[in-house]
Amino acid sequence: MTHRHPPDASHPAKIGVVTISDRASRGEYQDKGGPAVREYLVRVLTGHFDAISRVIPDDRDMIESVLIELCEIDKCCLVITTGGTGPAHRDVTPEATEAVCSKMLPGFGELMRKVSLEKVPTAILSRQTAGIRHKTLIVNLPGQPKAIAECLDAVFPAIPYCIDLIGGPYLTTDEEKVKAFRPGK
Amino acid sequence: MTHRHPPDASHPAKIGVVTISDRASRGEYQDKGGPAVREYLVRVLTGHFDAISRVIPDDRDMIESVLIELCEIDKCCLVITTGGTGPAHRDVTPEATEAVCSKMLPGFGELMRKVSLEKVPTAILSRQTAGIRHKTLIVNLPGQPKAIAECLDAVFPAIPYCIDLIGGPYLTTDEEKVKAFRPGK
Amino acid sequence: MTHRHPPDASHPAKIGVVTISDRASRGEYQDKGGPAVREYLVRVLTGHFDAISRVIPDDRDMIESVLIELCEIDKCCLVITTGGTGPAHRDVTPEATEAVCSKMLPGFGELMRKVSLEKVPTAILSRQTAGIRHKTLIVNLPGQPKAIAECLDAVFPAIPYCIDLIGGPYLTTDEEKVKAFRPGK
(Lines give C-alpha, C1' and ligand atoms only; values in the text may rest on other atoms or scores of the structure.)
Protein backbone atom coordinates (compact mmCIF):
# COMPACT_ATOMS: atom_id res chain seq x y z
CA MET A 1 0.00 0.00 0.00
CA THR A 2 1.22 3.46 -0.87
CA HIS A 3 0.45 6.79 0.82
CA ARG A 4 0.16 5.34 4.31
CA HIS A 5 1.35 8.67 5.71
CA PRO A 6 -1.12 11.49 6.35
CA PRO A 7 -1.53 13.88 3.41
CA ASP A 8 0.51 17.07 3.71
CA ALA A 9 0.67 20.42 1.92
CA SER A 10 2.74 19.01 -0.94
CA HIS A 11 0.66 15.83 -1.21
CA PRO A 12 -2.87 16.83 -0.32
CA ALA A 13 -5.69 14.31 -0.43
CA LYS A 14 -7.88 14.91 -3.48
CA ILE A 15 -11.63 14.87 -2.94
CA GLY A 16 -14.14 15.26 -5.76
CA VAL A 17 -17.42 17.06 -5.06
CA VAL A 18 -19.95 16.62 -7.86
CA THR A 19 -23.26 18.46 -7.93
CA ILE A 20 -25.65 16.65 -10.24
CA SER A 21 -28.57 18.88 -11.20
CA ASP A 22 -29.98 19.95 -14.55
CA ARG A 23 -31.03 23.32 -13.17
CA ALA A 24 -27.81 24.10 -11.28
CA SER A 25 -25.74 23.12 -14.33
CA ARG A 26 -27.70 25.57 -16.50
CA GLY A 27 -27.31 28.29 -13.87
CA GLU A 28 -31.08 28.50 -13.27
CA TYR A 29 -30.57 27.61 -9.68
CA GLN A 30 -27.71 28.27 -7.33
CA ASP A 31 -25.76 25.15 -6.40
CA LYS A 32 -26.22 24.66 -2.67
CA GLY A 33 -25.34 20.97 -2.44
CA GLY A 34 -21.70 21.31 -3.53
CA PRO A 35 -20.94 24.15 -1.08
CA ALA A 36 -22.64 22.21 1.75
CA VAL A 37 -20.40 19.20 1.07
CA ARG A 38 -17.21 21.32 0.90
CA GLU A 39 -18.10 23.16 4.12
CA TYR A 40 -18.60 19.83 5.82
CA LEU A 41 -15.20 18.56 4.64
CA VAL A 42 -13.44 21.78 5.75
CA ARG A 43 -15.11 21.51 9.12
CA VAL A 44 -14.28 17.86 9.85
CA LEU A 45 -11.01 17.01 8.06
CA THR A 46 -7.80 18.05 9.82
CA GLY A 47 -5.26 17.19 7.07
CA HIS A 48 -4.58 18.95 3.79
CA PHE A 49 -6.98 18.26 1.00
CA ASP A 50 -7.95 19.72 -2.36
CA ALA A 51 -11.62 19.73 -3.25
CA ILE A 52 -12.20 19.33 -6.99
CA SER A 53 -15.70 20.57 -7.78
CA ARG A 54 -17.99 19.89 -10.72
CA VAL A 55 -21.57 20.94 -11.47
CA ILE A 56 -23.13 18.75 -14.14
CA PRO A 57 -26.58 17.86 -15.50
CA ASP A 58 -28.54 14.69 -14.73
CA ASP A 59 -27.09 12.95 -17.76
CA ARG A 60 -25.93 9.42 -17.16
CA ASP A 61 -23.06 9.42 -19.68
CA MET A 62 -21.75 12.73 -18.40
CA ILE A 63 -21.97 11.59 -14.77
CA GLU A 64 -20.03 8.44 -15.61
CA SER A 65 -17.35 10.43 -17.51
CA VAL A 66 -16.89 12.91 -14.68
CA LEU A 67 -16.69 10.16 -12.06
CA ILE A 68 -14.11 8.25 -14.10
CA GLU A 69 -12.05 11.41 -14.64
CA LEU A 70 -12.06 12.24 -10.93
CA CYS A 71 -10.93 8.67 -10.15
CA GLU A 72 -8.42 8.04 -12.93
CA ILE A 73 -7.01 11.46 -13.85
CA ASP A 74 -7.40 13.46 -10.63
CA LYS A 75 -6.67 10.44 -8.42
CA CYS A 76 -9.32 11.39 -5.89
CA CYS A 77 -9.46 9.07 -2.89
CA LEU A 78 -13.07 10.11 -2.29
CA VAL A 79 -15.77 11.46 -4.59
CA ILE A 80 -18.98 12.75 -3.08
CA THR A 81 -21.95 13.38 -5.34
CA THR A 82 -25.04 15.37 -4.40
CA GLY A 83 -28.33 15.13 -6.29
CA GLY A 84 -29.99 12.82 -8.78
CA THR A 85 -30.83 10.05 -6.33
CA GLY A 86 -34.65 10.28 -6.34
CA PRO A 87 -37.24 8.33 -8.35
CA ALA A 88 -37.81 10.95 -11.09
CA HIS A 89 -37.09 10.15 -14.72
CA ARG A 90 -33.95 12.35 -14.79
CA ASP A 91 -32.52 10.95 -11.53
CA VAL A 92 -29.78 8.55 -12.61
CA THR A 93 -26.90 9.14 -10.20
CA PRO A 94 -27.06 5.68 -8.55
CA GLU A 95 -27.11 3.91 -11.94
CA ALA A 96 -24.11 5.96 -13.15
CA THR A 97 -22.26 5.26 -9.90
CA GLU A 98 -22.89 1.53 -10.10
CA ALA A 99 -21.75 1.48 -13.73
CA VAL A 100 -18.29 2.88 -12.89
CA CYS A 101 -17.68 0.91 -9.67
CA SER A 102 -16.22 -2.57 -9.36
CA LYS A 103 -17.86 -3.15 -5.99
CA MET A 104 -20.82 -1.68 -4.17
CA LEU A 105 -21.20 -0.89 -0.48
CA PRO A 106 -24.94 -1.21 0.24
CA GLY A 107 -24.46 -0.32 3.92
CA PHE A 108 -23.98 3.36 3.07
CA GLY A 109 -27.39 3.73 1.44
CA GLU A 110 -29.08 1.65 4.12
CA LEU A 111 -27.68 3.82 6.91
CA MET A 112 -28.35 7.13 5.16
CA ARG A 113 -31.96 6.13 4.49
CA LYS A 114 -32.32 5.01 8.10
CA VAL A 115 -31.20 8.36 9.51
CA SER A 116 -33.24 10.35 6.97
CA LEU A 117 -36.28 8.22 7.76
CA GLU A 118 -36.21 9.54 11.31
CA LYS A 119 -36.94 12.96 9.74
CA VAL A 120 -39.16 12.28 6.72
CA PRO A 121 -41.09 9.19 5.55
CA THR A 122 -40.10 9.98 1.95
CA ALA A 123 -36.50 8.96 2.77
CA ILE A 124 -37.35 5.55 1.31
CA LEU A 125 -37.50 7.23 -2.12
CA SER A 126 -33.81 8.06 -1.88
CA ARG A 127 -31.74 5.63 -3.87
CA GLN A 128 -28.24 6.75 -2.90
CA THR A 129 -25.49 4.19 -2.70
CA ALA A 130 -21.69 3.99 -2.48
CA GLY A 131 -19.06 1.99 -4.28
CA ILE A 132 -15.39 1.51 -5.01
CA ARG A 133 -13.56 2.16 -8.26
CA HIS A 134 -9.90 1.13 -7.90
CA LYS A 135 -8.57 3.47 -5.19
CA THR A 136 -11.58 5.74 -4.99
CA LEU A 137 -14.63 5.59 -2.72
CA ILE A 138 -17.67 7.17 -4.39
CA VAL A 139 -20.56 8.16 -2.11
CA ASN A 140 -23.91 9.52 -3.30
CA LEU A 141 -25.68 12.07 -1.13
CA PRO A 142 -29.16 13.47 -1.63
CA GLY A 143 -29.51 16.89 -3.24
CA GLN A 144 -31.25 18.68 -0.37
CA PRO A 145 -28.62 20.77 1.45
CA LYS A 146 -30.22 20.12 4.84
CA ALA A 147 -29.93 16.36 4.37
CA ILE A 148 -26.23 16.51 3.50
CA ALA A 149 -24.71 17.03 6.95
CA GLU A 150 -27.17 14.54 8.43
CA CYS A 151 -26.13 11.84 5.93
CA LEU A 152 -22.41 12.64 6.23
CA ASP A 153 -22.57 12.56 10.03
CA ALA A 154 -23.92 9.02 9.74
CA VAL A 155 -21.39 7.59 7.28
CA PHE A 156 -18.24 9.72 7.72
CA PRO A 157 -16.89 7.79 10.74
CA ALA A 158 -16.34 4.81 8.39
CA ILE A 159 -14.85 6.73 5.45
CA PRO A 160 -11.20 7.16 6.57
CA TYR A 161 -10.84 3.43 7.31
CA CYS A 162 -12.48 2.55 3.99
CA ILE A 163 -9.91 4.75 2.23
CA ASP A 164 -7.12 3.02 4.20
CA LEU A 165 -8.39 -0.34 2.96
CA ILE A 166 -8.31 0.71 -0.70
CA GLY A 167 -4.80 2.14 -0.42
CA GLY A 168 -5.53 5.86 -0.19
CA PRO A 169 -4.18 8.62 2.05
CA TYR A 170 -4.56 8.49 5.84
CA LEU A 171 -7.42 10.92 6.49
CA THR A 172 -7.75 12.43 9.95
CA THR A 173 -10.74 14.20 11.43
CA ASP A 174 -11.48 16.65 14.20
CA GLU A 175 -12.74 14.13 16.73
CA GLU A 176 -15.07 16.62 18.32
CA LYS A 177 -16.94 16.78 15.04
CA VAL A 178 -16.58 13.28 13.53
CA LYS A 179 -14.77 10.43 15.20
CA ALA A 180 -13.11 8.38 12.46
CA PHE A 181 -13.13 4.74 13.54
CA ARG A 182 -10.30 2.36 12.69
CA PRO A 183 -10.79 -1.17 14.09
CA GLY A 184 -7.99 -2.39 16.29
CA LYS A 185 -6.55 1.08 16.74
CA MET B 1 -45.72 17.10 -15.83
CA THR B 2 -49.30 16.11 -16.62
CA HIS B 3 -52.15 15.13 -14.26
CA ARG B 4 -51.08 17.48 -11.46
CA HIS B 5 -54.74 17.80 -10.45
CA PRO B 6 -56.35 15.24 -8.12
CA PRO B 7 -58.02 12.36 -9.94
CA ASP B 8 -61.80 12.72 -10.25
CA ALA B 9 -64.70 10.49 -11.24
CA SER B 10 -64.06 10.94 -14.97
CA HIS B 11 -60.28 10.55 -14.62
CA PRO B 12 -59.75 8.10 -11.78
CA ALA B 13 -56.28 7.00 -10.76
CA LYS B 14 -55.60 3.47 -11.97
CA ILE B 15 -54.03 1.07 -9.48
CA GLY B 16 -53.04 -2.48 -10.36
CA VAL B 17 -53.35 -5.19 -7.70
CA VAL B 18 -51.61 -8.41 -8.69
CA THR B 19 -51.88 -11.59 -6.64
CA ILE B 20 -49.00 -13.88 -7.52
CA SER B 21 -49.68 -17.43 -6.37
CA ASP B 22 -49.73 -20.76 -8.17
CA ARG B 23 -52.46 -22.09 -5.91
CA ALA B 24 -54.69 -19.02 -5.98
CA SER B 25 -54.39 -18.83 -9.79
CA ARG B 26 -55.56 -22.46 -10.08
CA GLY B 27 -58.45 -21.80 -7.71
CA GLU B 28 -57.11 -24.27 -5.10
CA TYR B 29 -56.88 -21.53 -2.58
CA GLN B 30 -58.91 -18.38 -2.11
CA ASP B 31 -57.00 -15.21 -2.91
CA LYS B 32 -56.74 -13.25 0.32
CA GLY B 33 -53.80 -11.00 -0.58
CA GLY B 34 -55.53 -9.12 -3.41
CA PRO B 35 -58.66 -8.34 -1.35
CA ALA B 36 -56.47 -7.20 1.58
CA VAL B 37 -54.63 -4.75 -0.71
CA ARG B 38 -57.87 -3.41 -2.23
CA GLU B 39 -59.49 -2.97 1.20
CA TYR B 40 -56.44 -1.04 2.33
CA LEU B 41 -56.61 1.26 -0.70
CA VAL B 42 -60.36 1.88 -0.22
CA ARG B 43 -59.76 2.67 3.42
CA VAL B 44 -56.87 5.15 2.97
CA LEU B 45 -57.32 6.84 -0.44
CA THR B 46 -59.78 9.74 -0.57
CA GLY B 47 -59.78 10.37 -4.36
CA HIS B 48 -61.35 8.33 -7.13
CA PHE B 49 -59.44 5.30 -8.23
CA ASP B 50 -60.03 2.13 -10.21
CA ALA B 51 -58.38 -1.05 -8.94
CA ILE B 52 -57.42 -3.40 -11.76
CA SER B 53 -56.96 -6.88 -10.30
CA ARG B 54 -55.11 -9.91 -11.58
CA VAL B 55 -54.46 -13.35 -10.06
CA ILE B 56 -51.57 -15.10 -11.77
CA PRO B 57 -49.18 -18.02 -11.14
CA ASP B 58 -45.56 -17.72 -9.97
CA ASP B 59 -44.31 -17.68 -13.53
CA ARG B 60 -41.67 -15.08 -14.26
CA ASP B 61 -42.64 -14.43 -17.90
CA MET B 62 -46.30 -14.08 -17.01
CA ILE B 63 -45.54 -11.74 -14.10
CA GLU B 64 -43.43 -9.55 -16.38
CA SER B 65 -46.16 -9.47 -19.05
CA VAL B 66 -48.89 -8.55 -16.58
CA LEU B 67 -46.75 -5.83 -14.98
CA ILE B 68 -45.92 -4.35 -18.39
CA GLU B 69 -49.57 -4.43 -19.43
CA LEU B 70 -50.70 -2.68 -16.24
CA CYS B 71 -48.03 0.01 -16.80
CA GLU B 72 -48.26 0.51 -20.56
CA ILE B 73 -51.84 -0.35 -21.52
CA ASP B 74 -53.80 0.37 -18.34
CA LYS B 75 -51.59 3.35 -17.43
CA CYS B 76 -51.59 2.48 -13.74
CA CYS B 77 -49.73 4.99 -11.58
CA LEU B 78 -49.19 2.30 -8.95
CA VAL B 79 -49.05 -1.49 -9.14
CA ILE B 80 -49.01 -3.49 -5.93
CA THR B 81 -48.11 -7.16 -6.06
CA THR B 82 -48.69 -9.67 -3.28
CA GLY B 83 -46.89 -13.00 -3.07
CA GLY B 84 -43.87 -14.69 -4.60
CA THR B 85 -41.25 -12.81 -2.58
CA GLY B 86 -39.86 -15.67 -0.49
CA PRO B 87 -36.82 -17.90 -1.04
CA ALA B 88 -38.66 -20.90 -2.54
CA HIS B 89 -37.88 -22.07 -6.06
CA ARG B 90 -41.17 -20.74 -7.47
CA ASP B 91 -40.85 -17.31 -5.79
CA VAL B 92 -39.72 -14.97 -8.58
CA THR B 93 -41.71 -11.77 -8.08
CA PRO B 94 -38.69 -9.58 -7.21
CA GLU B 95 -36.74 -10.80 -10.25
CA ALA B 96 -39.72 -10.13 -12.54
CA THR B 97 -40.19 -6.69 -10.99
CA GLU B 98 -36.56 -5.76 -11.42
CA ALA B 99 -36.62 -6.96 -15.04
CA VAL B 100 -39.42 -4.54 -16.00
CA CYS B 101 -38.23 -1.51 -14.02
CA SER B 102 -35.73 1.13 -15.12
CA LYS B 103 -34.84 2.06 -11.56
CA MET B 104 -35.11 0.35 -8.22
CA LEU B 105 -36.03 1.84 -4.84
CA PRO B 106 -34.25 -0.33 -2.26
CA GLY B 107 -35.61 1.73 0.64
CA PHE B 108 -39.05 0.13 0.30
CA GLY B 109 -37.77 -3.41 0.87
CA GLU B 110 -35.45 -2.29 3.66
CA LEU B 111 -38.28 -0.58 5.54
CA MET B 112 -40.81 -3.38 5.01
CA ARG B 113 -38.32 -5.98 6.26
CA LYS B 114 -37.52 -3.77 9.24
CA VAL B 115 -41.15 -3.50 10.35
CA SER B 116 -41.85 -7.19 9.68
CA LEU B 117 -38.73 -8.11 11.65
CA GLU B 118 -40.30 -6.59 14.74
CA LYS B 119 -42.92 -9.37 14.42
CA VAL B 120 -41.07 -12.39 13.02
CA PRO B 121 -37.37 -13.23 12.62
CA THR B 122 -38.13 -14.84 9.25
CA ALA B 123 -38.81 -11.37 7.79
CA ILE B 124 -35.23 -11.45 6.48
CA LEU B 125 -36.34 -14.15 4.03
CA SER B 126 -38.66 -11.67 2.36
CA ARG B 127 -37.14 -10.31 -0.81
CA GLN B 128 -39.71 -7.68 -1.74
CA THR B 129 -38.59 -4.56 -3.50
CA ALA B 130 -40.02 -1.60 -5.42
CA GLY B 131 -39.13 0.10 -8.66
CA ILE B 132 -40.19 2.54 -11.34
CA ARG B 133 -41.22 1.77 -14.88
CA HIS B 134 -41.88 5.02 -16.77
CA LYS B 135 -44.81 6.60 -14.88
CA THR B 136 -45.61 3.60 -12.69
CA LEU B 137 -44.42 2.74 -9.20
CA ILE B 138 -44.39 -1.04 -8.65
CA VAL B 139 -44.30 -2.25 -5.04
CA ASN B 140 -43.99 -5.89 -3.96
CA LEU B 141 -45.77 -6.97 -0.79
CA PRO B 142 -45.51 -10.33 0.93
CA GLY B 143 -48.29 -12.85 0.35
CA GLN B 144 -49.45 -13.21 3.96
CA PRO B 145 -52.62 -11.11 4.35
CA LYS B 146 -51.71 -10.12 7.91
CA ALA B 147 -48.39 -8.66 6.75
CA ILE B 148 -50.01 -6.54 4.03
CA ALA B 149 -51.45 -3.71 6.13
CA GLU B 150 -48.31 -3.65 8.27
CA CYS B 151 -46.07 -3.22 5.20
CA LEU B 152 -48.38 -0.69 3.55
CA ASP B 153 -48.63 1.36 6.75
CA ALA B 154 -44.83 1.65 6.66
CA VAL B 155 -44.37 2.67 3.03
CA PHE B 156 -47.65 4.32 2.02
CA PRO B 157 -46.79 7.78 3.44
CA ALA B 158 -44.10 8.06 0.73
CA ILE B 159 -46.17 6.71 -2.18
CA PRO B 160 -48.22 9.81 -3.18
CA TYR B 161 -45.07 11.98 -3.38
CA CYS B 162 -43.26 9.29 -5.37
CA ILE B 163 -46.15 9.26 -7.85
CA ASP B 164 -45.96 13.09 -8.04
CA LEU B 165 -42.27 12.81 -8.93
CA ILE B 166 -42.89 10.39 -11.79
CA GLY B 167 -45.69 12.51 -13.25
CA GLY B 168 -48.75 10.63 -12.03
CA PRO B 169 -52.04 11.77 -10.48
CA TYR B 170 -52.14 13.67 -7.20
CA LEU B 171 -53.19 11.00 -4.70
CA THR B 172 -54.77 12.10 -1.44
CA THR B 173 -55.24 10.06 1.72
CA ASP B 174 -57.42 10.10 4.81
CA GLU B 175 -54.85 11.62 7.15
CA GLU B 176 -56.27 9.82 10.15
CA LYS B 177 -55.29 6.56 8.49
CA VAL B 178 -52.15 7.36 6.48
CA LYS B 179 -50.52 10.76 6.40
CA ALA B 180 -49.08 11.26 2.90
CA PHE B 181 -45.91 13.30 3.20
CA ARG B 182 -44.88 15.83 0.56
CA PRO B 183 -41.64 17.67 1.40
CA GLY B 184 -41.95 21.43 1.48
CA LYS B 185 -45.73 21.31 1.66
CA MET C 1 -40.32 -31.81 -1.09
CA THR C 2 -37.83 -34.43 0.01
CA HIS C 3 -36.03 -34.81 3.36
CA ARG C 4 -38.90 -33.39 5.42
CA HIS C 5 -37.76 -35.57 8.32
CA PRO C 6 -35.02 -34.38 10.68
CA PRO C 7 -31.52 -35.44 9.65
CA ASP C 8 -30.24 -38.50 11.52
CA ALA C 9 -26.91 -40.26 11.89
CA SER C 10 -27.24 -42.07 8.57
CA HIS C 11 -28.51 -38.97 6.74
CA PRO C 12 -26.79 -36.04 8.38
CA ALA C 13 -27.37 -32.51 7.16
CA LYS C 14 -24.35 -31.28 5.21
CA ILE C 15 -23.10 -27.79 5.99
CA GLY C 16 -20.21 -26.15 4.14
CA VAL C 17 -17.91 -23.79 6.07
CA VAL C 18 -15.64 -21.80 3.77
CA THR C 19 -12.88 -19.57 5.07
CA ILE C 20 -11.92 -17.06 2.39
CA SER C 21 -8.55 -15.48 3.13
CA ASP C 22 -5.34 -15.19 1.13
CA ARG C 23 -3.22 -15.37 4.26
CA ALA C 24 -5.04 -18.26 5.93
CA SER C 25 -4.97 -20.26 2.67
CA ARG C 26 -1.16 -19.83 2.46
CA GLY C 27 -0.79 -20.85 6.10
CA GLU C 28 0.62 -17.43 7.09
CA TYR C 29 -2.20 -16.94 9.48
CA GLN C 30 -4.23 -19.39 11.51
CA ASP C 31 -7.82 -19.72 10.33
CA LYS C 32 -10.01 -18.50 13.17
CA GLY C 33 -13.18 -17.79 11.19
CA GLY C 34 -13.87 -21.37 10.12
CA PRO C 35 -13.48 -22.80 13.66
CA ALA C 36 -15.71 -20.02 15.05
CA VAL C 37 -18.47 -20.95 12.58
CA ARG C 38 -18.16 -24.69 13.33
CA GLU C 39 -18.22 -24.11 17.09
CA TYR C 40 -21.36 -22.03 16.67
CA LEU C 41 -23.05 -24.79 14.65
CA VAL C 42 -22.08 -27.48 17.19
CA ARG C 43 -23.44 -25.31 19.99
CA VAL C 44 -26.82 -24.48 18.44
CA LEU C 45 -27.82 -27.39 16.17
CA THR C 46 -29.38 -30.40 17.87
CA GLY C 47 -29.56 -32.78 14.87
CA HIS C 48 -26.78 -34.67 13.11
CA PHE C 49 -24.73 -32.68 10.67
CA ASP C 50 -21.44 -32.97 8.84
CA ALA C 51 -19.40 -29.80 8.46
CA ILE C 52 -17.40 -29.73 5.24
CA SER C 53 -14.61 -27.19 5.62
CA ARG C 54 -12.54 -25.34 3.05
CA VAL C 55 -9.85 -22.66 3.38
CA ILE C 56 -9.31 -20.82 0.11
CA PRO C 57 -7.77 -17.57 -1.17
CA ASP C 58 -9.66 -14.40 -2.12
CA ASP C 59 -9.88 -15.52 -5.74
CA ARG C 60 -13.25 -15.07 -7.34
CA ASP C 61 -13.08 -18.07 -9.70
CA MET C 62 -11.94 -20.35 -6.90
CA ILE C 63 -14.66 -19.11 -4.54
CA GLU C 64 -17.29 -19.74 -7.20
CA SER C 65 -15.95 -23.25 -7.90
CA VAL C 66 -15.89 -24.20 -4.24
CA LEU C 67 -19.39 -22.85 -3.64
CA ILE C 68 -20.74 -24.75 -6.65
CA GLU C 69 -19.01 -27.96 -5.52
CA LEU C 70 -20.46 -27.68 -2.00
CA CYS C 71 -23.92 -27.14 -3.47
CA GLU C 72 -23.92 -29.62 -6.36
CA ILE C 73 -21.54 -32.41 -5.32
CA ASP C 74 -21.68 -32.32 -1.53
CA LYS C 75 -25.39 -31.40 -1.51
CA CYS C 76 -24.97 -28.99 1.39
CA CYS C 77 -28.24 -27.43 2.57
CA LEU C 78 -26.30 -24.49 3.99
CA VAL C 79 -22.92 -22.98 3.13
CA ILE C 80 -21.47 -20.34 5.42
CA THR C 81 -18.51 -18.28 4.21
CA THR C 82 -16.29 -16.14 6.40
CA GLY C 83 -14.05 -13.38 5.04
CA GLY C 84 -13.65 -11.39 1.87
CA THR C 85 -16.64 -9.11 2.40
CA GLY C 86 -14.85 -5.78 2.89
CA PRO C 87 -14.07 -2.99 0.41
CA ALA C 88 -10.44 -3.97 -0.32
CA HIS C 89 -9.36 -4.91 -3.82
CA ARG C 90 -9.05 -8.62 -2.98
CA ASP C 91 -12.44 -8.82 -1.20
CA VAL C 92 -14.74 -10.51 -3.71
CA THR C 93 -16.85 -12.94 -1.68
CA PRO C 94 -20.18 -11.14 -2.26
CA GLU C 95 -19.59 -10.95 -6.03
CA ALA C 96 -18.71 -14.67 -6.17
CA THR C 97 -21.77 -15.52 -4.08
CA GLU C 98 -24.10 -13.50 -6.25
CA ALA C 99 -22.63 -15.10 -9.39
CA VAL C 100 -23.53 -18.64 -8.26
CA CYS C 101 -26.96 -17.86 -6.78
CA SER C 102 -30.28 -17.73 -8.62
CA LYS C 103 -31.86 -15.47 -6.03
CA MET C 104 -30.53 -13.09 -3.41
CA LEU C 105 -31.82 -12.45 0.11
CA PRO C 106 -30.88 -8.84 0.89
CA GLY C 107 -32.44 -9.01 4.36
CA PHE C 108 -29.51 -11.06 5.69
CA GLY C 109 -26.91 -8.41 4.88
CA GLU C 110 -29.17 -5.61 6.09
CA LEU C 111 -29.72 -7.28 9.46
CA MET C 112 -26.08 -8.29 9.95
CA ARG C 113 -24.91 -4.75 9.20
CA LYS C 114 -27.55 -3.38 11.56
CA VAL C 115 -26.36 -5.49 14.50
CA SER C 116 -22.68 -4.87 13.73
CA LEU C 117 -23.36 -1.15 13.49
CA GLU C 118 -24.38 -1.16 17.14
CA LYS C 119 -20.74 -2.13 17.84
CA VAL C 120 -18.64 -0.35 15.19
CA PRO C 121 -19.42 2.43 12.69
CA THR C 122 -17.31 0.63 10.08
CA ALA C 123 -20.01 -2.07 9.84
CA ILE C 124 -21.32 -0.18 6.79
CA LEU C 125 -18.17 -1.29 4.93
CA SER C 126 -19.26 -4.90 5.23
CA ARG C 127 -20.81 -6.13 2.02
CA GLN C 128 -22.00 -9.56 3.09
CA THR C 129 -25.11 -10.99 1.55
CA ALA C 130 -26.98 -14.30 1.24
CA GLY C 131 -28.56 -16.15 -1.61
CA ILE C 132 -30.05 -19.40 -2.83
CA ARG C 133 -28.56 -21.85 -5.31
CA HIS C 134 -31.05 -24.68 -5.98
CA LYS C 135 -31.41 -26.38 -2.57
CA THR C 136 -28.60 -24.52 -0.81
CA LEU C 137 -28.67 -21.35 1.25
CA ILE C 138 -25.33 -19.51 1.07
CA VAL C 139 -24.64 -16.92 3.78
CA ASN C 140 -21.61 -14.64 3.90
CA LEU C 141 -20.19 -13.70 7.29
CA PRO C 142 -17.43 -11.20 8.01
CA GLY C 143 -13.95 -12.53 8.64
CA GLN C 144 -13.50 -11.21 12.19
CA PRO C 145 -14.09 -14.12 14.59
CA LYS C 146 -15.72 -11.86 17.18
CA ALA C 147 -18.31 -10.69 14.63
CA ILE C 148 -19.28 -14.24 13.65
CA ALA C 149 -21.44 -15.24 16.63
CA GLU C 150 -23.02 -11.79 16.69
CA CYS C 151 -24.04 -12.06 13.01
CA LEU C 152 -25.18 -15.67 13.33
CA ASP C 153 -27.25 -14.88 16.43
CA ALA C 154 -29.09 -12.29 14.32
CA VAL C 155 -29.84 -14.41 11.25
CA PHE C 156 -29.86 -18.02 12.49
CA PRO C 157 -33.48 -17.96 13.75
CA ALA C 158 -34.59 -17.66 10.10
CA ILE C 159 -32.22 -20.26 8.63
CA PRO C 160 -34.05 -23.54 9.43
CA TYR C 161 -37.31 -22.25 7.90
CA CYS C 162 -35.46 -20.98 4.86
CA ILE C 163 -33.98 -24.45 4.38
CA ASP C 164 -37.48 -25.95 4.75
CA LEU C 165 -38.69 -23.66 1.96
CA ILE C 166 -35.97 -24.75 -0.45
CA GLY C 167 -36.56 -28.45 0.22
CA GLY C 168 -33.69 -29.23 2.58
CA PRO C 169 -33.49 -31.20 5.84
CA TYR C 170 -35.49 -30.18 8.90
CA LEU C 171 -32.88 -28.48 11.09
CA THR C 172 -33.54 -28.20 14.79
CA THR C 173 -31.82 -25.96 17.31
CA ASP C 174 -31.24 -25.82 21.05
CA GLU C 175 -33.92 -23.25 21.83
CA GLU C 176 -31.99 -21.87 24.77
CA LYS C 177 -29.30 -20.79 22.32
CA VAL C 178 -31.15 -19.96 19.11
CA LYS C 179 -34.89 -20.20 18.70
CA ALA C 180 -35.59 -21.32 15.12
CA PHE C 181 -38.80 -19.67 13.98
CA ARG C 182 -41.27 -21.43 11.68
CA PRO C 183 -44.37 -19.34 10.88
CA GLY C 184 -47.64 -21.03 11.73
CA LYS C 185 -45.97 -23.63 13.93
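The letters A, B and C name the chains in turn, as written, and every chain counts its residues from 1.
Convention: a contact is a pair of C-beta atoms (placed from the backbone, for glycine too) under 8 Å apart; a residue touches a chain by one contact, two chains touch by 3 or more.
Please read these numbers as outputs of a predicted model, since none were measured by experiment.
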Original post:
Which chains lie in contact with each of subunit B and subunit C?
Top reply: A
Subject >> Interface composition of copies subunit A and subunit B: same or different, split at half >> reply: different
Original post:
In degrees and to the nearest 5, what turn takes the CA positions of subunit A onto those of subunit C?
Top reply: 120
Subject >> Distance between the centres, which are taken as Cα means, of subunit B and subunit A, whole angstrom >> reply: 32
Original post:
Which subunit C residues sit where two or more other chains touch them?
Top reply: 106, 110
Subject >> subunit C - residues contacting subunit A, complex >> reply: 86-89, 91-92, 94-95, 106, 109-110, 113-114, 117, 120-127, 144
**OP:** Show which residues of subunit A lie in contact with subunit C when the two form their complex.
**Re:** 103-108, 110-111, 132, 134, 137, 155, 157-158, 161-162, 165-167, 181-183
